[in-house]
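Next come two complexes built around subunit A: one with subunit B, the other with subunit C.
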Partner chain A sequence: MSLVEIENLTIRFGGRPALSGLSLAIARGERFGIVGESGSGKSLTALAITGLLPDAAEATGVIRFDGKLLPTDERAMAALRGHRIGIVFQEPMTALNPLMRVGAQIDEALDLADSSTREVAALLQEVGLDSSHAIRFPHQLSGGQRQRVMIAMALASDPDLIIADEPTSALDVITQRRVLDLIAEICDRRQMTLIFISHDMRAVAALCNRVAVLKAGELVETVPTEDVLRRPKAAYTQALVDATQMAPRANHDLSDQDLLLSVEGVTRAYSRNGLFSRRQPPLMAVNDVSFDVTRGEVLALVGPSGCGKTTLARVIAGLDSATSGTMTIDSTPYHGADLPREKRGDISLVFQDPFGSFNPRLTIGKSLAEPLRLLPKLSPLDREQRLIEAIESVGLDASMLTRYPHEFSGGQRQRLAIARALVTRPRLVVLDEPVSALDVSVRGAVLDLLARLQSQFGLTYLIISHDLDMVAAMADRVMVMEAGRIVEAGSPKTLFADPRHSLTKALMAARLPDLV
Partner chain B sequence: MTLYILRRLAGFLVTLLIAAAVIFLLLDLLPGDPARFILGINATPESVAALRLQMGLDDPAILRFGNWLLGMFRGDFGMSQTQKLPVADLIAARMAVTLPLTLFAMVVSIVIGLPLGILAAMHRGKPLDTILMVIAQAGVAVPNFWFGMLLTLLFAVILRWLPTGGFTPWHENPIAAFRGLLLPGLALALPQAAILARVMRTALVDVSTQDFIRTARAKGMTFGQAMWRHGVRNAFLPVLTILGLQFAFLIAGTIIVENVFFLPGLGRLIATAVTERDLVLVRSATIILVLAVSATMLIVDIAYGFVDPRLRERGA
Partner chain C sequence: MRTAWMRHPGLMLGLAASFAFALLGLLSLVWTPYPIGDISIARRFAVPSPDHWLGTDQLGRDMLSLIMSGTLTSFTVGATAIIIGAGIGVPLGLAAAIYGGPVEWLVLRFSDLAFAFPSIIIAILIATLMGPGAANAVIAIGIFNIPVFAQVARGGALTISTLDYVAAARLAGLSRPAIALRHLLPNIASLIIVQATIQLSVGILAEAGFSYIGLGTQPPETSLGLMLRDAQNLFLIHPWLSIAPGLAIAVIVIALNIAGDGLRDILDPRLRRQEVGRVAG
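Moving on, here comes the complex of A and B:
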């Protein structure tokens, strides 16, 4: 008998359907994946099963758990969640109460499940954390550790079903792989049913035996994982599988190009000494880093979270200053924030988060025009021309300049962020995780765009990422960074074929298996 | 945590010193000679000079500032020029009225305001929420002296339960003293309670959309349980700031209510001192208000540290 049965589930917001007529049956012990793009209704499905839909949602249809209809009484539904369903959410940063020790938060879940035998320490060990972490507060843990705490909490009631909603998309590659492996291992050991929700077909394939593909609130197909990969029936499923493949785009001939940027012995240290605190050695976020960037090159900087790659990018872009060392762009030496005003237009930045990087109260046109303050001599007509040129070059229409950020999808916003980086006609564009906040299905298109713009405008890219597949597809040269130092460098082909440093090896091992 | 408290304490002391210097300088720069003012316009230049010498007015400013600080440290705030009494005694007598009044008003506003705010937030969007917030809006808009007059009309004139005004000193009859403070305390508390209720509601509604509330529900709590166990403490952070500001406002801002109820409080003492140009008294009363307000902020900051583990660590 099925553990979860969904019949004709429709969820509307203000009359507009977000999920239409979904029917699914998930068998006991199954590892079931739900895959789709943002807005496909996959998270709503999870919230509906757990009775956690927002107040504004109107749901019709039938959901049965273990043969019984979901209770309508809030207390009974809460008790069902507390005893039989464990849930792991996407955002490890905000999903825990910041004012409470994590041990106490796990203990609370044990209490609610009326569990007398299991202990916090045992649960922490099961998710691979030392029991001493129980007395920590959430802000004292890394993203991966917090996600482990979330999993421990979900396991507290020894549930029949565990639902994981994009549990790893906020984590770096190595941590992501570890958390996925942990979920797989726990499901095996405890014979639990899993519902795994993701936009990444590869993550679903690595974990699940059956997968439902959702598109714009409708079920495309439900198939065993092997069939999805070997002979997908629906064209959309094929497209999702194809999106996990990244075709190589780089390989520029750089032999006769001259030097654009040179970085010499750059160090960024953060002092940890306070007014009353004891002397501590400074934190070396970037530690004696040197490299050259050739004009027209695509250089990638990879490493795990906290290795200093974003700090280095900020120093190069002039948002922060090096503690020691110098950089030279076009024979102008600088140390960071002292980058001369007339040179600032030569370096642009594109940030990871296309939602947070636009002021919601400014029109796109105003946001895009802001970097043009660096070029005060531009006439109003030229400014207008620049904006139109920039937005059209990223494949969007000039009429969109009067709209506001919330009217655009994540992929479109990232295109707009790229357009903003181009208005000053820069030479060097620093791209900090340019696609990691986007659905897998739109990443390819944004990367294609970046490759096209590069050859069209003769740009030089410095790409910061932890995604080896993207780097392998885009970069001419890769530098691997660990704890503020560059530990290995080379062309992606040779580097990934024969990794020498332990970090490069770990990054390679963390890659999810290819689908095709 | 010790480090956090030490830093706050250092900040508190520096604030006090700067405030003292500013108060001293401003009053020192004001035109007018206190000695001549005391002796009257008919005084001979010789007697004025003698008094200036006696009061130490001819010493360099830095010396007078130091003497003033040192005196206050020993509890000597100087003599009031108009009332010819030690300033410390005058202020202490008034504090015996103002401090209990303020504390009483704070307690009442917390007891009324916070539960109503929580109640409204738990029923957000429903009729009870709307009704409570309309009442709170009215409570914020209506000035406290008007509440005072209404309360007097009801409890003192019609029902005759309580006195219309005046104050019996604590040592003569503590019960009568407390009865004298009941109505003014309520009048002060009601607008503050309305503000607190609104702040508490807004903070709780903000918290209710946070991910960790959803996590708590996922663990098996109802919405109400999740809000009670995880929401209220998080929502308390902004409320704490408002509480501190309110206490500071009440201690210095009771003058209108004191006038309505004929209470011999600190506000009236300062008002009289200002109109009579009693500079010694003004200076000392001001520094005591600064002390009270800074001490409140210090307590709020330390309370913040206890509630929020992130602050203790940063020590910021």
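Moving on, here comes the complex of A and C:
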């Protein structure tokens, strides 16, 4: 018999359907994946099963858990969640109480589940954490460790069903792989049913035996994982599978190109002024980094979270200043924020999060025009022309200039962010995780766009990323960064074929298996 | 947006009541049933009747006219104090957020200092220097409002200044004041509007208090607090004379607070984002 049965579930917000007519049956012990783009209704499905839909949602249809209808009474539903369903959320920092030790939080979950047999230490051990972590607070743990604590809490009640909603999308590749492996291992050991929600077909394929593909609130198909990969029936499923493949973009012949940017011994130190920590050495976010960037090159900087790659990007773009060392662009030396105004138009930065990079109160046109202040000689007519050129070059329409950011999807916003970076006709574009906040299905299109713009305008890219597949497809040269230092560099082909440094090896090992 | 307004009946009620009182006050500028200076001992202590809807006071003045005029005084004092408070406090708060360092230290210490003196002390000080009057109440409440708005503006601006579009503006070469005007201020406007609604009710209450102890509005002008003061000796014999202005103050303050709460619910971007966040994906 099925553990979870959903019949004809429809969820509306203010009369607009967000999920329509969904029917699913998930067998006991199955590892079930729900895959789809943002807004496809996959998280809503999970919320409906756990009875956690927002008040504004009107749901119709039938959900059965273990043969019984979900209770309508909130207390009974809470008891069901506490005893039989474990939930792992996307962002462990906000899902954990910052003022409680993690051991106490796991203990609380144990209390709610009325299970006296299991101990906090045993649970921590099961998720691969030392029991000494119990006395720590969430901010003292890394993202991966927090997610492990979340999993331990979900396991506290010894649930029949565990629901993981994008549990790894806030983590870097290495941690992502470890958490996925941990979930698989626990499900095997405990014979638990898993519902795994993701936009990444590869993560789902690595973990699940059956997959439901959702598109815009409708079920496209439900198929065993092997079939999805070998012969997907629906064209949409095929498109999702194809999106995980990154075709290599053309490499560039750089032999006769001159130097654009040179970075010499750049260090960025943060002093740690605690009450009792006078003697602590400063934190070296970037530690004595030197490299050159050739004109027309695509240079990638990879490394785990917290290795200092974003700090380095901000220093190069002129948002932050180096503590020591110099950078030289076109024989103009600078240290970061002292980048001369007339040179600022030559370097631009594309941010990671497409949702935070536009002022919600300004039209797109006004936001895009902002960097043009760096070019005061431009006539109003030329400015207008630049804007239209920039927005059309990223494949959007000039009429969109009068709209506001909330009217655009994540992928469109990232295109607009690229358009803003291009409006001053820069020579060097620094891209900080340009696609990692986007759905897998739109990443390919954005990368294609970046490759096309590069050849069209003769741009030089410095790409910051933790995604090796993307880097392998885009970059001419890769630098691997760990704890503020560059530990290995080379062309992606040679570097990934024969990784020397342990970090490079770990990054390679963490890649999810290819689908085809 | 329309549904958001509909979903908050409290907000509608609060706004409607606040606007009704404000209009009543404004009406007193051009028309009151009787002139408020119209003293007639013959008709004093009249009970509510078709001639005098709310009766008359110990000098035979029409209570409805007094309350209308008193409401206008209250709103004028409260609103002017907000203009002073927001006009000085918001720029201070923004400056603290964008410059940091010594500027921020100064603003915060000034806030602490202003918070440390209750507005009543400031009012007594000003009354000693310049004599009592409505202007005195405005200045005292205004000074009290400055740190409140400075804190709200600084807090909101700090949250927003970590967002990427502010970094993008810095890359685009905008000066810090330009970033504050273009990117920070519009995005904290809703916070400031909500705070202004709350401070209006605080100001009206404070004005009533000042007038009651004789530091605020002086006769022949009138205010709700002054009416309470005039009626206090007669409270046991003619309780209505205290109840009418007291009720007016209570209703105005409650209405403004309900409106402020409701406005916060629909305007505060943090609350709104949470709602969106839960349904996303």
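Note that the second predicted complex is superposed on the first by the 510 of 516 C-alpha atoms of A that agree within 3 Å, B and C clash if a C-alpha of one lies under 4 Å from a C-alpha of the other, contacts with A are read in each partner's own complex, and residues count from 1 in each chain.
FYI, a residue touches a chain if its C-beta (ideal position, glycine included) is under 8 Å from a C-beta of that chain, and two chains touch if they have at least 3 such contacts.
Worth saying up front: this structure is predicted, and the values here are computed from it rather than measured.
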Clash or fit, subunit B versus subunit C on superposed subunit A: clash
Which of subunit B and subunit C A:74 touches, first, second, both or neither: first
Which superposed partner A:83 touches (first subunit B, second subunit C, both, neither): first
First (subunit B), second (subunit C), both or neither touched by A:186: neither
Which superposed partner A:416 touches (first subunit B, second subunit C, both, neither): neither
Contacts of A:401 with subunit B and subunit C, given as first, second, both or neither: neither
Which of subunit B and subunit C A:374 touches, first, second, both or neither: second
Residue numbers on subunit A that touch subunit C, as the complex places them: 13-14, 18, 38-40, 42-44, 47, 54, 56-57, 165-166, 197, 314, 317-319, 341, 344, 348-349, 351-353, 356-362, 367, 370-374, 420
Complex interface listing, subunit B residues touching subunit A: 3, 6-7, 10, 210-212, 214-223, 225, 229-230, 233-234, 307-310, 313, 315
Touch list for subunit C against partner subunit A, complex: 3, 163-165, 167-174, 182-183, 186-187, 275, 278-281
Residues of subunit A defined as touching subunit B within the complex: 50, 52, 74-75, 78-79, 81-83, 85-87, 89, 91, 94-100, 108-109, 112-113, 137, 139-140, 150, 153-154, 156-157, 274-277
